[in-house]
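Would you mind keeping the following structure in view while I ask a few things?
Labels A, B and C are assigned to the chains in the order they are written; within every chain, residues are numbered from 1.
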Amino acid sequence: MTDLTHNDPPEADDQPTAPAFPPPPIEEQERMVEALLFASAQPMSVRDLSTRMPAGCDPAEALVGLRRRYEGRGVSLERIGDAYAFRTASDMSFLMQTETVEQRRLSRAAIETLAIIAYHQPVTRAEIEEIRGVAVSRGTLDQLIEMEWVRVGRRRMTPGRPATFVVTETFLDHFGLESARDLPGLSELRAAGLLESRPPAEGLMVPLTPQPDEDDEFSGPADDLFEDE
Amino acid sequence: MTDLTHNDPPEADDQPTAPAFPPPPIEEQERMVEALLFASAQPMSVRDLSTRMPAGCDPAEALVGLRRRYEGRGVSLERIGDAYAFRTASDMSFLMQTETVEQRRLSRAAIETLAIIAYHQPVTRAEIEEIRGVAVSRGTLDQLIEMEWVRVGRRRMTPGRPATFVVTETFLDHFGLESARDLPGLSELRAAGLLESRPPAEGLMVPLTPQPDEDDEFSGPADDLFEDE
Amino acid sequence: MAKSPGNISYLKAVPDEPAGDEFDANAILQRRADEALIIDVDGYEGPLDLLLTMARTQKVDLMKISVLHLAEQYLEFVEQARALRIELAADYLVMAAWLAFLKSRLLLPPDPEAEGPSAEDMAAHLAFQLERLQAMRQAAARLMGRDRLGINRFQRGAPESIARKRRTQWQAGLIDLMRAYARLKTKDEFRPYAFDRQDVYTMEQALDRLRHLIGFAGEWTQLVDFLPDGWEGQGKRRRSATAATFAASLELARQGRLEIRQAESFAPISFRMKPTTERK
């Protein structure tokens, strides 16, 4: 389009010099801008709009009116760079997502690991593995940490300085416990029929692995839960 | 289109009967409906809307106000069967050359078949053939079904239990119809008796021979013509 | 094909076009149309479509058409086609037979004995069918002329997608926790390794040791002498090693490789290798 010939009023896309017809009233121009912006896949600039509208139109002015009209509505006329587009009002964004809540049971590995941490905290990964008799996958601990039921506690002052794991306040909230000490002890488990009634192994009271540096004579649901930060 | 009633209140099964919080004011609900319908290219039913809105909302009522608000605007809130959608006002089409979607070419047979289904629905294939006086090729119906303008309806409770065909919401949306009752000239055609089920008397049937390339069970003028649902 | 179909005056190329006024041009158009029609009967959607086209040349309300005249037109068309050795599809011929029958019924005085519909009923139904087909064509045209989506009306060009978030809510109650722990503790009872490995001497260890040592014990040797180094003291370790060694000796005795002797209750237990001569 190098040659700007006129005399063809509706087509004079850049220079509306003396259009043959008076431009449509501004309300009509607003309707045009509204329809154009609604149907356009991309934001449109004033220039884009004016090439699409009849000669003599003033899309910039129509935009002002239209923008005012959409103030406080569920959608707003937004300026994006030098172009315009309709967008959902920002306070309506909560409608634009659907959240599906999926109820799932914890895997056996996860619940056992969680139980060990709750009863034995602070407990190292090696200790968890010793009690469960199988390796604990990184994923299981990660999951419990992501759920915010377990967090990393202080490191043990033993060779390798292994991290320990403890349960969190979120855990206590979820299980309706005031502290981890409120976890039912072995005798209560037995009374509840959850343990067979044969003489208990003294396992609960026995240190899992000798911890020469630590005098953690383990005494059931630990006393030293929730070490201070 | 089996059921074109609307004004159904928000579906009871999705809504808690006594919402914990009072529903948002109706102006706010209008904004929500506006945002949701603006965001979606597809029509949304009252039910769709209410599942997305907070409990206790009444999208049907919000729609009434919203529809009024968009009267005479560049986009209008259209009712399409049980659903609603924003569409650009049809008098704005002259601005929309760039948005125009290439339409699939339909054969004369397809267009006639579509009209017959729309005006006579639910209609069996044999009835379509009786009206057109020619066998309907499988491809014609397939094309209409693929375009989602036609779908299979309930079977007729007549010998052979033939399938019926009905038009869809996509059809209504495409042709800008609120319901199949709003088809142009429907009442005149009905008044002229041209949509009546007029059972052809014996020996009166205009003969119809099956197309040789047709594989299916077509058996000439079927005896299950013109059954009322 | 140069053959002219002659004077089939009722056929027109485009069904919807009104007849032209100029005589010459019309005649030429007419002839071309006739040729086109005869050559390509397939252009018509069956005999009913052809009949409708013919009926419209009568230029009257379809409900008032002369079915008799129409039948004659159709039969004339079929004859012409035959004369030109054009093969008509079966349905066109079936229709011709039906119309010939109708024509004869319409021309003859009504037979009061005749069963079935009268000739007038048949004619009326044919007229109805033609009118209905015509009406459906007009309806189709009106439908296609509506403000259509994607042509005259448009949907939102940039729809905003609905984000779908999936949140997993893990279910676990205190009872699950207790059960899990109880399960672990129950398991512990069968798995002595799980705690204090250092003070447990297992039967497997004792068996290994005994199998090795028993070969040297041709004479009765006391159990304590088989205890491994570091386990002969007192307390848990000695008890564990003693128990394991004794259990291992029972196993070897069962296998017939070793003999066990105890003089009286609580007296020391002695083993010796079972003499090979006594083995079977």
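Here is the rule we go by: contacts are C-beta pairs under 8 Å (C-beta built on N, C-alpha and C of every residue); 3 or more make two chains touch, one makes a residue touch a chain.
Computed from a predicted model, the values in this text were never measured in an experiment.
Asks: Whose Cα centre is nearest the centre of all Cα atoms in view?
Replies: Closest chain centre to the overall C-alpha centroid: C.
Asks: Which chain has its C-alpha centroid farthest away from the centroid of chain A?
Replies: Looking at centroid distances, B is the chain farthest away.
Asks: Measuring centre to centre with CA averages, how many angstrom lie between chain A and chain B?
Replies: So the centroids are 40 Å from each other.
Asks: For chain B and chain C, let me know how many angstrom lie between their CA-based centres, rounded off.
Replies: Roughly 25 Å, centre to centre.
Asks: Just how far, in Å, is the C-alpha centre of chain C from the one of chain A?
Replies: Measuring from centre to centre gives 35 Å for this pair.
Asks: Two or more other chains in contact with one residue: find those residues in chain C.
Replies: Chain C, residues with two or more chain partners: 154-157, 160-162.
Asks: Can you tell me which residues of chain B touch two or more of the remaining chains?
Replies: In chain B, 38-39, 86, 88-89, 96, 99 touch at least two other chains.
Asks: Touching chain A in the complex: which residues of chain C?
Replies: Its residues touching chain A are 154-158, 160-174, 176-189, 191-192, 194-196, 198.
Asks: If we count contacts the way the header does, which residues on chain A are in touch with chain B in the complex?
Replies: 30-36, 38-40, 52-53, 72-75, 86, 88-89, 92, 95-96, 98
Asks: Quick check: in the complex, which residue numbers of chain C touch chain B?
Replies: Where chain C meets chain B, its residues are 45-49, 51, 89-91, 94-95, 98, 116-117, 121-122, 125-126, 128-129, 131-133, 135-140, 142-144, 146-157, 159-162.
Asks: Mind pulling up the chain B residues that touch chain C in the complex?
Replies: 38-42, 78, 85-90, 93, 96, 99-101, 103, 108-109, 111-112, 114-116, 118-119, 131-135, 173-177, 183-185, 189, 192-194, 198, 200-204, 206-209
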